[in-house]
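In the two complexes that follow, chain A is the common piece, with chain B as its partner first and chain C second.
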Partner chain A sequence: MTLNLGYFQGIESSTTEWKTLSFDRGRGAIEVAVPVLSETQLKSLCTRVKNMSQTYLKTIPVSDLVNIIDTTISSFLDRTNPYRQQAEDLLPRITGYDPEMIRLGLTSYLKTFRKVELNRFLSEDFSNPKILDEFQPLPKGGLGRAYGPDLLFHIWAGNVPGLPIWSLVSGLLVKAGNIGKVSSAEPLMASLFSKLLAEIDPKLGECIAIVWWEGGQNKWEEVLLKQADLVLAYGNNDTLRQIRNRTPITTRCLTYGHKISFGMISRSALDTGKSWTTAHQAAYDIVRYDQQGCYSPQIFFVEEGGAVSPEQFAQFLARELENFENKFPSRSLTIEEASIVASWRQSEELKAFSEEKRAFLADPNGRWSVSYSETAGEIYPSGLNRTIQVFAVGSLREVPSIVKPYKAFLQTVGIAASPEELIQLASQLGAIGVTRISALEHMTTPEAGWHHDGRFNLLDLVTVTEVERTAETAAEAFSDYVD
Partner chain B sequence: MKFNKQIVLVTGSSRGIGAAIAKAFAAEGATVIINYIKNSAAAIETAEKCKELGGSAKIIQADVSSGEQIQKLIDEILQDFSKIDILVNNAFKPYIFDSENRKQFHETSWNDYQEQLDGVLFSSYTLCQTILPIFKKRTKGNIINIASDLVARPTIPYHDYMTAKAALIGFSRNLAMEVGQFGIRVNCVAPGLVYPTDGSMNTKEGLKEMIINQTPLRRIAAPEDVAGPVLFLASSWSGFITGQTLYIDGGLVMR
Partner chain C sequence: MNEKQVIDSLTKFIIRHKTREDEFDTLALQIFEYQFNNNLPYQRFCRQRETTPKTVQSWKSIPAVPINAYKSLTLSCCRPEDIKRTFMTSGTTGDELRGKCHHPTLSVYDTSMITAFKARFMPDLKTIRMGILFPTENEMPNSSLAHYLALAYSNFGSDGSQYFITTEGVCLEKLFAELERAEKNSEPYALLGASYSFVHLIDQMEKSNQTIQLPKGSRILDTGGFKGQSRELDLDDFYERLSERFSVPRASCVNMYGMTELSTQFYDNGNQICPSKKSGPHWIRSQVINPATGIPTPKGERGILVHCDLAHFNCVATIQTEDIGIEIDNGFLLLGRAKGAEAKGCSMAVAEFLKIAQG
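Here is the complex of A and B:
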């Protein structure tokens, strides 16, 4: 039986059209059905979600919302829960990722949405989260209250499984009604999360809808862009540009586009005791979700002068990529992905052949490749899917000037360096647009409450209504108790 | 193909390490007896894979903790093929490897030891008793027992299980001494942590990482890693090796 994905209330599912999506990524073929609502149905869904957001969601204290989300996430963390089991079974088949990588990835991701982390998330953006519930005193004087949009329209990419949960949780925490359009590449997790949430709090479930339409089909998108108070879109820059151009000028549109992330290894992490661990951690960052995340490294800059040379580090890295093939075997690639990898490999191999001071290490079957260069000239993206460039540098301090031309695209830097170097590098990197610095092995697992692309995830979603001090003072004159 | 026309019995071969060994033999042309106790679907799948790989396979259900069922198993094989060339003692009593909740020595009863000794040694003993007369008639035969590297390096002291595995190594050495004169060889392989198998499915990531960190080849074993050394010990390439234990753990144990 084909599994129906998507999620919505108030429309008979028999009255909607269902489109079958087929997946065959080498881990068992599967078909799922996604709903294609008519424009009328989509409009009525918008009204319904907006209405529920106003009449129900906006009345719940944020601490209660935290508890409901926490309960949902606890169920999802429980490996005996049917939704969790469905995710563990279907995600590898839909995405092609190794089941073990998915299983471990789900747990490490979902646990960042437990109660304590959600509270951290809130207090990261709001010094007093009660500002989401009622007017609170503001430090500058007067009172303020933060309002989430009645309808937040999410447009998700499918690069990393489960990412829509991040933006759905953000929307719910600021009491937004949410309609999310899932990507054809990963329509599962947003649907499962919403169904599970609706089981725990059916009325909260009515504040969410998960829909789908073929990418590039603008008529459905137009409906939502017109109805939404706020648009949150993920994808490549061309897609985002089009979405932004079609969004009414009165509607805010927040976009998360393509990014480049990289790693930096100091000579202090390259002694004979620590260098293998450093390479192991770097390889993990490459392997996890096959470099599909904006935070996944595409380049490692390795400092010369350590006991282990940058070239030796590249060899360690190659060996660890091979070892990870055993733990998290790579997925079979689409024709498009395979051709990108093949042309990247061909070009890097050719350079290694024709230029001295270069080396190319690769698995003969194309599952991973490491391109090493003794000089860091012009940088360029890797072929993704476990292809990585390793550049030797005399000093890590040279790196910011090398990557500076790509300022608009920089995001995460994984650093293995001493505390003094870390702070020194962080200030240089921050100045050229890097927004996140993590330890190696954690590049692809941002901590709860991280500021995605340096932005305030929750604060960006709200508008604040201020009661100025003058209004407060003036009101005193009209009180019953005025002397 | 190295094992063409050879009849190989791998006990407990529907899943995990046993299935990997069975498939490796099949890929070298052997006829493999897929023995299982419960999971017939897995046994059928493994048998089909064996055929795809170019070998032959026959599925026989038998609980090798029962002497009676062992006799029936061997009789059925002889009826069909009139010989057995290689015995791989892979099936043992299931054991839960839970490093965080294992029994400490003071919690381990003699009965726990007895159960494991029965679970590990009884089936090997009985299978060897049943099969050796057949081997002796042809003055050749090969027995491979699956032990564990924890015998040499008890990273986690699973007292009862590992004592039984240590006994299996002693058992194999003594048997090798006695049956060598009939041209029969007896060896052991001792894998480290093998993942994924039913026994290791719940092994925590922290423990796996700790083992990986101390292992020269920097990973843990997959079921397929165990197959190569078993095939080597079963082949003429190891014709002058008997009574030995080969460690399959990426160099964690060196001796």
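Here is the complex of A and C:
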């Protein structure tokens, strides 16, 4: 039987059209069905979600919401829970990623949504999260209350499992009604999360809907863009530009484009004892979700002058990538993905034999490749799917000026360096647009409450209503107790 | 073998009507050895793949050079002073590097083109009156397509055949006058040119609701795909409209698949069904491989096309394209350029990066 994905209330599922998506990534073929609602159905769904958001969601204290989300997440963390089991079974078949990598990834990701982490998430953006419940005194005087949108429209992209949950949880924490459009590459997790949440709090379930339509079908998108109070879109810049252009001028549209992340390895991390560990950690960041995340490294800058040279480090990295093939075997690629990898490999290979001071190391079956260059000239992305560039630099301090031209695309930097170097590099990197610095091995696992692309992810979703001090003072004159 | 021997053997091989598989293999290995010895960048490339003429037993294991390599390497066996003609790939943005294919002589290219063109486009006629929708060879001396069409024109075009495109654009008035003349005449007519020129032409004709009834036996040859030059079209739609505007049955609308990096072209037998089956003459062979591993994909599955064109003797005979295809009996289906595919994650991919970085 084909599994029905998507999630919505108030519309008979027999009255909607269902489209079958087929996946065959070498881990067992599978078909799932996604709902294609009619325009009328979409409109009525918008009304319903908005209504529930106003009449129910806006009335629940944020601390209760935290509890409900925490309960949902803890069920998802429980490996005997049927939804969890479904995710563990289906995600590898849909995305092609190694099952063990998915299992570990799910747990470490979901852990960042437990109660204590959610509270941390809130207090990152709101010094007093009760501002989401009722008017609170503001430091400048007067009172303020933050309102989430009645209808937040999420447009998700990509195949990194579970990313939509992050966006949905953000919406719920600010009491937004949510309609999310899942990507064809990973339609599962948003649907499972919503179903599970609805089992725990059915009324909260009515504040969410998960839908699908073929990418580029503007008819449906337009309905939602018109109805939504706020749009949150992920994707490449072309897609985002189109979405933004179609969004009414009075509706805010927040976009998260594709990014480039990289690693920096100081000579202090390259002594004979530590360099293998460093290479292992760097390889892990490459292997995890095959560099599909915006936080995944595409380049490593390695400092000269350590006991292990940058070229040796490139060899260590190659060895570690080979080792990871046992633990987390790479996915089988589609022809399109394989073509990107092949064309990147070919061009790096050609450079290696036409330019000196380069080396190209690769698995003969195309599962990973490392391209080493003694000079860091112009930077460019890797071929993804376990392809990495290693550039030698005289000093890590040169790196910011190398990557500076790409300011708009920079995101995470994984650093292996001493505390002094870390602080110094951080201020240089921050100045050129890097928004997140992590340890190696943690590039792909941002901590709870991180500021995605440097933005206040909850604060960006709300509008604040302020009661100014003059209004408060003036009201005094009309009170019963006025003298 | 030296260059002269290679040219002689090749020419003899091409003009024979039929050859055996083992004869192809023998010549392919001789030419591989010639290229390995005389084309040093190719030799280095093969050595990096741990392959030499001694280790290769069949054309299938000759290292295929990615066509991109032509952009950064000079892949040629002859001395630079002996180069008679250089064909260059068309860049899409103008300022990017263009691949170069050098030819010490065009005799083999011409024999290859004429022999296959006769067999596939002109089996029933010696000559035909032609209209060519592409600039002349003089206007585009580095275009292999311009040379190809010049060969068609001079070898198979009857009196009155004409070019209708200059670097300035299409001479529509002249073209329609000629087509109306052909319509009134009962003599078959042939239109040849770049696919995108046909798109512009049908757009124009549809706007003015114009149709031309070309006489029976007329035919159309388009090539090159749309390459962002005009709207990307669905192939079925393209041939349907082409056939409708000129009253040429889809079976007589032939698509030629060729590349600067080859000296031989593939043809289909019309486009009643899209994608059509493409095949080449006996001096070219193709494989469909998985680009990541280089291993041939099972018959019927998608992969990247690799061609071994013996006629391309001065550069590299075996190339890896960026075209997606499916191997079928006696040929392949051409599914178009691997688009560098939309990246699935939120990690920036090369294609998008270049687009943004180049503005």
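Operating definition for what follows: the second predicted complex is superposed on the first by the 483 of 483 C-alpha atoms of A that agree within 3 Å, B and C clash if a C-alpha of one lies under 4 Å from a C-alpha of the other, contacts with A are read in each partner's own complex, and residues count from 1 in each chain.
By our rule, contacts are C-beta pairs under 8 Å (C-beta built on N, C-alpha and C of every residue); 3 or more make two chains touch, one makes a residue touch a chain.
Predicted, not measured: the structure shown is a model, and the values here were computed from it.
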Chain B and chain C placed together on chain A: clash or fit? fit
(request) Applying the touch criterion given at the start, work out whether A:323 contacts chain B, chain C, both or neither, answering first, second, both or neither. (result) first
Once chain A of both complexes is superposed, is A:456 in touch with chain B (first), chain C (second), both, or neither? neither
Chain A contact check, chain B vs chain C, more residues touched by chain C
For A:56, using the defined touch cut-off, is the partner it touches chain B, chain C, both, or neither? Pick first, second, both or neither. neither
- prompt: Now for A:256: first (chain B), second (chain C), both, or neither, which partner does it touch?
  reply: second
**Prompt:** Of the two partner chains, chain B (first) and chain C (second), which one does A:18 touch, if any: first, second, both, or neither?
**Reply:** neither
Quick one: is A:350 in contact with chain B, with chain C, with both, or with neither? Answer first, second, both or neither. second
Check your understanding: Who does A:135 touch here: chain B (first), chain C (second), both, or neither?
Key -> neither
### Task
Considering only the touch criterion stated at the top, classify A:147 as touching first (chain B), second (chain C), both, or neither.
neither
Superposition result for chain B with chain C: lowest C-alpha separation, Å, rounded to 17
Per the touch rule, the chain B residues reaching chain A in their complex are 196, 205, 212-213, 217-220, 222
Interface with chain A, chain C side, in the complex: residues 41, 44-45, 48, 66, 68-69, 72-73, 290-294, 302-304, 320, 322, 324, 338-354, 356-357
Listed in rising order, chain A residues that touch chain C in their complex are 157-160, 163, 185, 234-238, 256, 258-261, 289, 291-294, 296, 298, 333-344, 346-347, 349-354, 365-367, 380-384, 406, 408-409
The chain A residues in contact with chain B across the complex are 100, 104, 276-277, 280, 319-320, 323, 326-327
